[in-house]
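These are the structures in question, set out in turn.
In the two complexes below, subunit A is the common chain; its partner is subunit B in one and subunit C in the other.
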Partner chain A sequence: VYQVFENVAKKYDIMNDSMSLGIHRVWKDVLLYKMNPSPGILLLDVAGGTGDIAFRFIDYVRSVRERQLRRKLKHHQNLSWQEIADSYQAETVKPLGDSQVVVCDINKEMLKVGRQKAQHLGYSEGLSWVVGNAEELPFGDEKFDVYTIAFGIRNVTHIDLVLQEAYRVLKPGGRFLCLEFSQVNNPLLSRLYDLYSFQIIPVLGEIIAGDWKSYQYLVESIRRFPPQEEFKAMIEDAGFLKVDYQNLTSGIVAIHSGFKL
Partner chain B sequence: ERGPELAAGAAQPPEPSVLPLLVCPLSKRPLRYEAATQELVNEELGIAYPVVDGIPTMLPEAARKIPAPPAKQH
Partner chain C sequence: VRCQLCLPQRALQASAALRRVSDEHKKEPAASSSQHQFDSHPTDHQPEQEPQGPRPSYTGQGGQESEDYESEEQLQHRILTAALEFVPEHGWSAEAIAEGAKTLGLSAAAAGMFHNDGSELVLHFVSQCNTKLSELLEQEQKLVQLGKTEKKTTDQFLRDALEARLRMLIPYIEKWPQAVSILLLPHNIPSSLSLLTSMIDDIWHYAGDQSTDFDWYTRRAVLTGIYNTTVLVMMQDSSPDFEDTWRFLENRVADAVNMDNTAKQVKSTGEALVQGLMGAVVTVSTAARALRAE
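Up next, the complex of A and B:
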C-alpha cells in the first residue's frame, strides 16, 4: 500500500479530479457541511495526506468566526473606535478562534505535498502534519473533537483497529466521520460504474500518472470494502453510538457518522 | 513567507501546537521533545521518534533505540 501511495502522491489531486470528474470536491464539501464545525474545534484528519479536508475545515471555521465577529459588531450600537479596532484585531490574531487541525498520514510524501499546497494557498495557522499509522495512532486519549478519514479507510489492513483508535482519541461527545467509496444502490448505474472503474480509471492512471497498476489497486480496494450496513455495524462494534450513513451520488460514496457518548 | 526555510535538507522545527497531543504510538505514554536532536523521546521504552523536515514521524519502524543510561553506582 505504501508504495502505491508514493507513486500516487504527486499526481493524487489531478487523478482525483480526472477520475471523479471533479465530483470528489463536492463530496468533501458535503462532509464539511455535515461536520458543521464551530471555532475552537480540534480536528484529527487521518489519511488526509494532501490536505483537502484540512483546508476546507479551516475555511469553514474562518467564515463562521468572521460571521460571529460581524454579528457582535452589529449588536453594539455605540462602539468606540477602540472597541471596533479590538474586534478587527481579534479577527486577525485569532482567525480560527483556537481551532486546530492535525493531518495524520502514514505516508510522508503525501504530507509533504499537502504542506506545499498549504503554503501555496496561504494556510499556516492551526495546521500541523504528523506521520502516523491509523491502526496505531500517536495521539493521547480523548484529545480530539472530530475525527475524519476521507478515502483512507479502505486501504488499511485492520479496519477494526482503525475504528478502535478513532474511538480512543476522541473526546466524550466527539464525532467520527468517514467519507468512503461504497456500494451503488442502482443496478444500471452499478454496471456503468463497474465499466468505468475497470476500463477507464486504470487507463487514466497510465495516461496521467504513468501508473496503471496503482490505479488498478485503487479500484480493487474499492470493490473489497464492506457495504454501507456492514461498515455501520463495524463502527458500532468499536463503541460508537447514533451511527448512521448518508449515500452520495447513488451510493458511489457514503458518509458514515458516529458519536462517542 | 516560509519559502527559504523549506529548502531541501533544511532542519525545520515541528509545529509547537501538535507536541502536547503526541504520545508514543506503542505505549501511548507521553514523550519528551528534544530540540537538539529533533526527536521525541520515550524514556521508558528507550526509543526516540525523529522529526523530519518539521514533521514528527511517529512510526515504530522509524524510531531509534536510545542507549541505556550508565548504571547507578551504589
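Up next, the complex of A and C:
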C-alpha cells in the first residue's frame, strides 16, 4: 500500500479530479457541511495526505468566525472607535478562534505534497503535518473534537484497530466522520459504475500518472470494502453511538458518522 | 454477519459521557397526562427506573448496554436544556447547542447530533413549556378539588392559563421571532402543530370543557387564534412587564366568551322561536277544527 501511494502522491489531485469528474470536491464539501465546525474545534484528519479536508476546514472555520465577530459588532449600538479597532484586531489575531488541524498520514510523500500545496495556497495558521500510522496514532487520549478519514480507511489492513484508535483520541462528545466509497444501491447505476471503474479508471491512470497497477488496486479495494450497514456495525463495535450514514451520489460514496458519548 | 461474541464486548465498554442514572439527583418530572410527542424524540420523559430494554432501533445495538446508563435521548435532552441559557446570545442555532454541550463537559462536536438549523432546540423548549403548563394547571385543579381555592370563571381561567404560558417566553422574547420562523419550516410543521394543539387541548381540558359536538373544534380554533395573535403582540410589546399584551389577551378572551354566549343565546332563541311557531300552528289548527265543527 505504501508504494502505491508513493507513486501516486504527486499526481493524486489530478487523478482525483479526472476519475470522479470533479465531484470529489462536492463530496468533501458535503463532509464539511455535515461537520459544521465552530471556532475552537480541534480536527484530526487521518490519511489526509494532500490536505483537501484540512484546507476546507480552515476556510469554513474562518468564515464562521468572521460572521460571529460581525454579529457581535452589530449588537453593540454605540461603540467607541477604540472598541471597533479592538474588534478588528481580534479578527486578525485570532482568525480561526483557536481551531487547529492536524493532518496525519503514513506516507511522507503525501504530506510533502500537502505542505507544498498549503504554502502555495497561503494556508499558514492552524496546520500541523504529522507522520503516523492510523492503526497506532502518535497522540494521547482524548485530544481531538473531530476525527475524519476521507478515502483512507479502505487502504488500512485492520479497520477495527483504526476505529479503536479513533475512539481513543476523541474527547467525550467527539465525532468520528468517515468519507469512503461504498456500495451503490441503484442496480442500473451500479452496472455503469462497474463498467467505468474497471475499464476507464486504470486507463486514465496509465495516461495521466503512468501507472496502471496502482489504479487497478484502487478499484479493487473499493469493491472489497464492506457495505454501508456492515461498516456501521463495525463503528458501533468500537464504541461509537448514534452511528449513521448518508449516501452521496446514490451510494458511490457514503459518509459515516458516530459520536463518542 | 456480526458475530454474537461481539455484543458482550460492547456491554463492558464504559460509556464516556453517558452518566450512570443513579448519579442523577435531579429527578425528571413524571410524565404528564397528555404525552407530548414529536418526530425526533420518541418519548419525552422516561422514569429513570425503566430498564433500557426497548432501545430505538436506529442505534443498531443489541440492547446489551448496561441498564444503569442513561439513554442517548436523555443525554440529548440534557444538552438541549443546557443550551437554552445560550439562546439569548447565539439565537436558536447549532452554536447555542455547541455551547450547551461544552458546559456539560462534552466536545462542541456533539452538537452534530442535532440538525444544523437549531430546530430540535426550539421544539425541546416548546415541549418543556407545555409540560410546565400542564403541571401548573394540574396543581391548580388539585387545590380547587381540595377546596382551598375558588373555581375560576372560564374567561378568567383561560386568561391566567395563557398568561402563565406566555410568561415562559419572556427570557427568550428577543429571539422568539427566530424561533417562530423555525417552527414554521416545512419539515418542522408536523411537530410544532402537534405541540400547539396538545397545549390548547390541555388548557380546555382543565377549563372543564366537556363538549362532544362541533363546539370542541370551534373552542380549540378560537383559543389557538387567541394564543397566536397574543404571541405576535408580545413580540413587539415594549410596555413595562408586557401590560399591553395582557390587556390585549383580556379583550380577546372576553370577545371569545361573549361570542360563545351569543352563540348559545342564538341557539336557545332559535329553539324558542321554533317552539312558539309550533304552538301557534297547533292553536290555529285546533281553532280551525273547532270552527268547522260548528
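Couple of notes before you dig in:
Convention: the second predicted complex is superposed on the first by the 261 of 261 C-alpha atoms of A that agree within 3 Å, B and C clash if a C-alpha of one lies under 4 Å from a C-alpha of the other, contacts with A are read in each partner's own complex, and residues count from 1 in each chain.
The criterion applied here is as follows: contacts are C-beta pairs under 8 Å (C-beta built on N, C-alpha and C of every residue); 3 or more make two chains touch, one makes a residue touch a chain.
Quantities reported herein were computed from a predicted structural model and do not represent experimental measurements.
Of the two partner chains, subunit C is the only one touched by A:Lys232; subunit B is not.
Looking at the shared chain after the overlay, A:Asp194 reaches neither subunit B nor subunit C. Between subunit B and subunit C, C touches the greater number of residues of subunit A. Contacts of A:Asp29 after superposition on the shared chain: neither subunit B nor subunit C is touched. In the superposition on chain A, contact is made by A:Lys112 with subunit B only, not with subunit C. Of the two partner chains placed by superposition, only subunit C is touched by A:Lys242; subunit B is not.
When the two complexes are overlaid on their common chain A, residue A:Lys143 makes contact with subunit B while staying clear of subunit C.
Judged by the touch definition given at the top, the superposed model places A:Pro172 against subunit C, while subunit B stays out of reach. For subunit A in complex with subunit C, the touching residues are 33-38, 40-41, 68, 145-146, 170-175, 232-233, 236-237, 239, 241-244, 257, 259-261.
Touching subunit B in their complex are the following residues of subunit A: 100, 102, 106, 108, 111-112, 115, 119, 124, 126-133, 136-141, 143. Taken in their complex, subunit C has these residues touching subunit A: 2, 6, 9-10, 13, 15-18, 58-61, 72, 75, 94-95, 98, 101, 104-113, 116. Those residues of subunit B that touch subunit A in the complex are listed here as 2-3, 6, 14-15, 17-18, 21-26, 28, 30, 49, 52-60, 62.
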